[in-house]
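Each chain gets a letter, A, B, C and D, in the order it is written, and its residues are counted from 1.
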Amino acid sequence: MTAPVRYPQPSLTCNPALPTEALILDRVQETEDIFTLQLRLTDPHQEWRLGIQPGQFNMLYRFGVGEIPISFKAIGKDKHGQPVLEHAIRRVGRISGALAALKPGDRIGLRGPFGTGWPLQKAKGQDLCVVTGGLGCAPAVSIIEHAFANRSHYGHIHIIQGVKHSADLLWRNRYEFWAQQPDTTVLMAADVAAPGWPWYSGRVTELIKLLPLQPGQTLVCCCGPEPMMQASAEQLILRQVPAEAIWLSMERNMQCASGHCGHCQFGADFICRDGPVMPYPRLRDRLGLEGV
Amino acid sequence: MTRPRVAVHKFSSCDGCQLAFLNLGETLLQLNEQVDILHFLEAGMNDASADVDIAFVEGSLSTPDELTRIRQVRANSRYLVSIGACATSGGLQALRNLDGNHDEWRDAIYARPEFIRTLKEVRPIAAEVRVDLELWGCPVSSTQILAAIRALLFGVAPVDDRDRVCLECKRQQAVCVMVTQGIPCMGPVTRTGCGALCPRFGRDCYGCYSPSETAQTATLARRFSGLGLLPDAIARRFWLINSQAPPFLQTGRVFHRSAASDPDD
Amino acid sequence: MPAADFLPRSRLPDLLAVLKAQGYDVIAPQVIEGALLYRPLQHCRQLPTGIRQQQQPGRYRLIATDSPRQFSWANGPQALKPLTFAPRETLWRSHENDDGTLSFEEVPVSPPALAILGVRGCDLAALALQDQHFRDDPYYQPRRQSLLLIAVDCSHPAETCFCASTGDGPKATIGYELALTELDDGFLVRAQGARGQAILKALPLDITAPAQRRQARHQHRAACRQLRRLPSFEPAQLIQQGRHPAWDEVADACLGCGNCTSVCPSCFCFSTSEAPDLNGQTSSHQRQWDSCFSEGHSYIHGRHIRPDIRTRYRQWLTHKFGSWVEQYGRSGCTGCGRCISWCPVGIDPLQVLSRLSDADPDEP
Amino acid sequence: MTSRRIRIDVPALTRVEGEGSLRLEVRQDQLIELGLSIFEPPRYFEKFLEGREAEEVVDIVARICGICPVAYQISALNALESMSRQMASPWVRSMRRAFYCGEWLQSHALHIHLLALPDFLGFENAIAMAERHPNMVKRGLKLQGLGNALVRLFGGRSVHPVGARLGGFHHAPAPDEVTALADRLKAAQQDAGDLTRFCASLPLPDDPQTFICVALHHPDRYAIESGEIRTSTGLNLSANQFEQHFHETHKPDSTALWSDLDGQPYLTGPLARLNINHPQLPDFLLTRLGEIGLELPSCNMFHSLIARALEIELVLHEAIQLLNDYTYPKSPYTALPLEPGIGYGMSEAPRGLLWHRYELDEKGLIRAARIVPPTSQNQARIEADLHHSLTTMGLDNGEDVLKLRAEQVIRNYDPCISCSTHFLTLKKVET
C-alpha cells in the first residue's frame, strides 16, 4: 500500500517569503521627504542578497507595520570599507513614514532581491542613455552609479532628467559631477524653473530631441511616471532608436514580490517578477490604457 | 518611557462601544501597561479635562452642551478617534434627522418640553470638530480598538480597511444568503470589520459598519426590488443604523420618495 | 475477462474504510446552510443523497428528491481552493527582542493527509492552474501535496455550467487519483497513478455489465449538452477593448463585491497585513484572499489605477479570459459557472464576452 | 452647634453605565436638596420604531443599551410574539434562556468587579484595584468573559448580538461549540462560589429600609426570560396589566419620568428578584444562603451585591443544564405570522423589569411602541434610598464620607442610564 505523500517542510533559509534582519548603519536626509538608508545584513548567510543589481528591488519591512517594495540604489561602503546596501525612500504614507522614523542602530526586515534588473549584459559596449522623470528615481541613480563604476564597459553616457520644479532636483551635486565627466552628456529640464536654473525649462521629450544619439548602438534606461516614459520612448523611436533598445522601469502595488499576490499584474506580466524593468515592445500596447 | 495618555469620552450613545474596552478581559490590564487611561467614567477614571495623546469618543452630538464638550475634548487631545456608528455617522438615533420632526416627537413625549435642550439634528463628531480617525461599526469591536491603539503606539496611522463585507464573507466561507435564500443583504455595500458576522449566522447584513468604498447602493437597491422589496422597505434597509452616511442617505431618499408617490402602496 | 471496475453503491463505505486505513481524513460535499460544502465525512449517510440543484444567475437552491444518487448535482460555492490556498493565514512572525534586534520565525504548514470525495473535472482543471501559479509557494504546496483526489464525473450540470465548451468537464480527465462515474446502483471506478491504483486494488469491485456501461456513455453525452457555452473571442484583444460600451453597461449592473473572484477556483489574488500583539513584541505577517474588485488591489501611492467598478470589472474579465492565456497557456476559466450563480446580481461574464464581440461604435 | 453647610456636586458619576450626576445640599444637618439627574439626551427610540417592520425591531431595540441588549431583544420578542397564534418551539425557549443567562453573567460580573467592588475595597477603579488584588479582578474578568462568550454563542457578538429573530434564532450553534463552552462554564463554578462567599464577607453597611419589591415570577423556574409580575405587596400581574398599576410621572422640579407602583416607589432588580423568588433557587444555592447567613427577604439594599453574586451562580448552573441538554435543531426558528393588534412583553433585565408594548398595523408595521426600562423604574427608589441612607448615617459626617456613601448607594442599583429611551433629567436649571 502506498502511504499518503507528506510534503517536506520548507526550511527557514530557503523560504523566499521570509525576511532577514538588516541593521541601519546610517540614515541620510536627502530632501524634506527623501532619505537614504545604509543597511548591513546581520546574518552572514544572507550576504548573497548583496548580489542585487541596478533595477532590482527589495521588500523593506518595518516591524509591526508592514513591507514595501524599494529599489536598489547603490552598494556603498561603511566606515570600515565594508559593502553596505543603500536604499533611497520617499516618505509618502504609512509604511514609508514608519521607515522614515528610524535611526541608525535600528533594525528592519528585508526580503529580496526581486525582479529583473537593467539589461547590463546587453548594454555592454553600447552607449547608455538614462532618461528619468520625477523625483529621486532610485533605479536611474543605480544604473548611472553602476556605469561610472564600470566606465570601460560603456560608450557615451547620456543622462536626461526632467523635474516638475527646479527645486525638486535631487542629488544635484551628483548630476553636476557627472556632467564634468568625459564622454558624458547631462541634460536637465524643469517644467517650472526658478531663476538661476542653469539647464532647460520644458519637458524631457524636448531634451531627447537635442541629444547627440547614435541610435543603433544606444541602450535606453527609462524610469518615471508612465505617460512620461511612453512619450520619451516614442520620441526616442522617432530618433531611430530601436524599440527593443528602450527599457522601462514599472511600478504597481506589490504585496508579495514573488509573483503570487496578483496585485502587480500589468496585462499578462507580473511586474515584481517579469519586471520592474521591461523592454518597451513588451509594454507598448498596454501603456496608457486606462485601468491596466 | 512615558506611556501615552488616553481618554474615553461618551456622548449620546448606548455605551456599547465603550464595552470594546471593558470586554477586553485580562487584555484590559495589559492595555493599562501600555497606556495611561486618564478619563473613562464607566471604568472609574474621571479627569475630563486632562490633556491626552489619544481620545476615543463614543456617541453622537445631540445637545448644545455636547457641542461645547466636544470642542473641549478636541482642544485637549492630540489624536481624536471617533468610535462607532453614533460618533461617525450619528448612528441609529440620527433617524430622527430624516423626518425633521424632532420637535413634534419631543413635545409628544415630554410634558415640559421647554426643559429639553436638544439639537434639532443629531450630528456625528466630525461635523463639529476635526477627527483624526474614524472607527466604524455598531458597535466597534475590541479588535479594531486594539489595532488602532497598537498602530498609534508604533507611530503610524491605523489601516483603514474599507472593503466590503462580501469579501470577508467569502474568506469566512459563509454561504451567501442573498443567493441561496433571496434575503436582501447589505453586505455588498457595507464595510468589513465585523468578520461577516451576520452571513455567518445565516442572516442578512443590515449595514451596521457603514458604507464600503465605491458602495453601489443604487445597483443593490435595484436588486432588492428584484427580490420583491417594495420601495419603502428598500428605503428602510438603507435608513437604519447609518442612515446619515451619504450613499445610504441618498439611496434611502430615492426609494422613500418613490414609496410616498406610489399610490398603490 | 474484463477487469472488475464496478463499485455497487452499498459498498461505497468500503472506499471510505480503505481511505481511512491508508491514513487519510476524508472530506466530501454535504448539505450545510442550503449549499454543498466540503466537510469531514464519517459515514456515507452524510452525503447529499437525492439532492438536485437549481443554479441560475444569482440564484442557488437545493432540491431534495428520492433518487438514491449521492452526486447528482453540479457543485457547491467553493471548489478545492480554500483547501490549498487558505482564505487567511499567517506567513511568518517577527519578534522585536529587548536589545532591539529582530528575529523572524517561519509559520510552517503541516496539513493532515486529506482524501476528497466528489471532486469535479472543472475543479481539477482549476487546481492544475493554481498548481502552476503557486508552484513555488511554501504554504500552498504542503497542502496540495497532501491531497488525494477522488473525482466524480458530473452527471447533472447546472444551468450555469459550461465546462463542455472549455474542455474541462463534465468528465474528469486529469489530476485525479480515482474517478467515479455514478449510476443509479453504483459507480464505475478508474484510477490514475500509483496511489490511485493502490486504492483501486483494495476495493471490492464487480464486473460492470454492458448495460451499465451504455448508461454511463449515455449519461456523459447528456451532461455534455449544456445551456451555456464560452463564446468565441480573441483573448489577446480583450485588454485592448477599453472603450467598448459593454464595460459601462456591466459597471452599472455590478456591485463590485468581488464574490465572482472569491468563488472562482482559479483566482489567486491575496493581500498581506500585519497583526502585531498589543505588547508590541511580536507581530504576525498574514495574507488573506483579495480581489481585483477591492480598492487596495490597484492602489499605488497617490492614485488608484482602477478607481471604479468599470475598470475593476474589466481587469477581472480581461485577466481571467485574456491575459491568463499568455500567463499559463490557457484561459483561467474552467466553466464551473460559480461566478454566474454566486454573483448576488447575477451577472454572466459570458454575456459580457459576447457583447464585447459586437462591433464597437467608438473603436476604430 | 455651629451651622454647617455642605454642597456636594458630582457632575459626572463614575462607574455607572451612561452619564448622570448627583447633587445634594445639606444645611444645618438638614438635607435641603437632593437630586440624581440623568443627562443622557433622549434618543427617541419609541418614535423611530414607528413604521418599521416587526422583524426589524430586535436589531433596533438592542441599541437602546449596549450593556443589556439581550434583555431588550427578548422583551421585544415576547411582546411581538404574543401577537401570533403560535408559540416559539421549546428548543427556542430554552436557548433564549441560555442566551439571557449569558447577559446576566456578563453584566453582573462587570458590575461587581469593575463598578461596585472598588467602593468597598477603597479604590478609585478596578484597574487600580487589580494592582493589589490581581486574582480577584482576573476572576471577575473571566466570569464576565464567559458571559460574553455565552451571548456570542447565540448572537455572534456580545454587544448588539445578531442572532435573535422573531420565532427563534437565525443560527443554531454547532454541538461541539456548545459542549466546549459548557465545559468552560463548569470550570468557573468554583470561582463563582468563591465570589459569593467573598461578597458576603465584605463589611457591607447594615441599613434596613422598607421598600416594595417588584419582579417577574415564573411557576416553574427562577424567572429570567419570562414570567408574570409579582410584587411584595401581593399583586400578580400579566404584561398587559402593567399600565394599570405602574405610572410614569414628572416630579415638578425635574423633567425625568419616574415610575411608581400605585403611587409608591419600588425596587426592581437582583435583590427584588431574590426576595420574591428565592424559594426557587436550586438546592446548592439554598445551602449557600445558609452558609453565608443571608436571610431572605432582605431589607438591606446593600445585599444587592450578594444577590448579584448568587445570581451569577444561578445562571452558570442554569446555562450548564441547558447546554448539557443541547440538541441541534432541524430549524433554529419557526416562522410566526403576527396579527395586527397590541402585544405586551417583559423580561428580567440584569437590572430589573423591562416592559415593552407594541401596536402592529395591518401591513405588519409598528404603529406605536412603549418601553419602560428598569432604571427609570428604580429612579424614585434610588432617591428615597439616598435620603434614607444619608440621614441614617448622619448628615454630620464629613463631605467625603457622605459623597462616597451616596455614590455607593447609587451604584448599588447598577443604574443603566444609557437606556434613556424616552426619559431625561437635566441638571436643575440654575437661576
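What we mean here is this: contacts are C-beta pairs under 8 Å (C-beta built on N, C-alpha and C of every residue); 3 or more make two chains touch, one makes a residue touch a chain.
Keep in mind that this is a model prediction, so the values were computed, not measured.
Counted by C-beta pairs in contact, the busier of A-B and B-D is B-D. Chain nearest the geometric middle of the protein is B, using mean C-alpha positions. One finds 65 Å separating the Cα centroids of chain A and chain D. If you average the CA atoms of chain A and of chain B, the two centres end up 43 Å from each other.
Look at where the CA atoms of chain B average out and do the same for chain D: the two points lie 25 Å apart. Chain B and chain C, compared by their mean Cα positions, are separated by 37 Å.
Residue positions 273, 276, 280, 290, 296 of chain C are each in touch with at least two other chains. Shown for chain B are the residues that touch two or more other chains, namely 150, 154, 159, 202. For chain A, the set of residues that touch two or more other chains comprises 64-65. Chains touching one another, given as pairs, are A-B, A-C, B-C, B-D. In the complex of the two chains, the chain B residues touching chain A come out as 150-151, 154-157, 159. Within the complex formed with chain B, the residues of chain A that make contact are 64-65, 94-95, 97-98, 101.
Only residues 10, 12-20, 22-23, 25-26, 28-29, 32, 37, 41-46, 48, 62-63, 65-66, 91-93, 95-96, 102, 105-106, 108-112, 115-118, 138-139, 141, 194, 197-198, 200-203, 206, 208, 233, 236, 240-241 of chain B touch chain D when the two sit together in their complex. Within the complex formed with chain B, the residues of chain C that make contact are 32-35, 37, 58-61, 77-78, 82, 87-88, 252-259, 262-263, 273, 275-280, 288-291, 293-296, 307-309, 341-345. Listed in rising order, the residues of chain B touching chain C in the complex are 27, 30-31, 33-34, 146-147, 149-150, 153-154, 159, 162-164, 166-167, 170-176, 178-182, 185, 187-189, 202, 213-214, 216, 219-220, 223.
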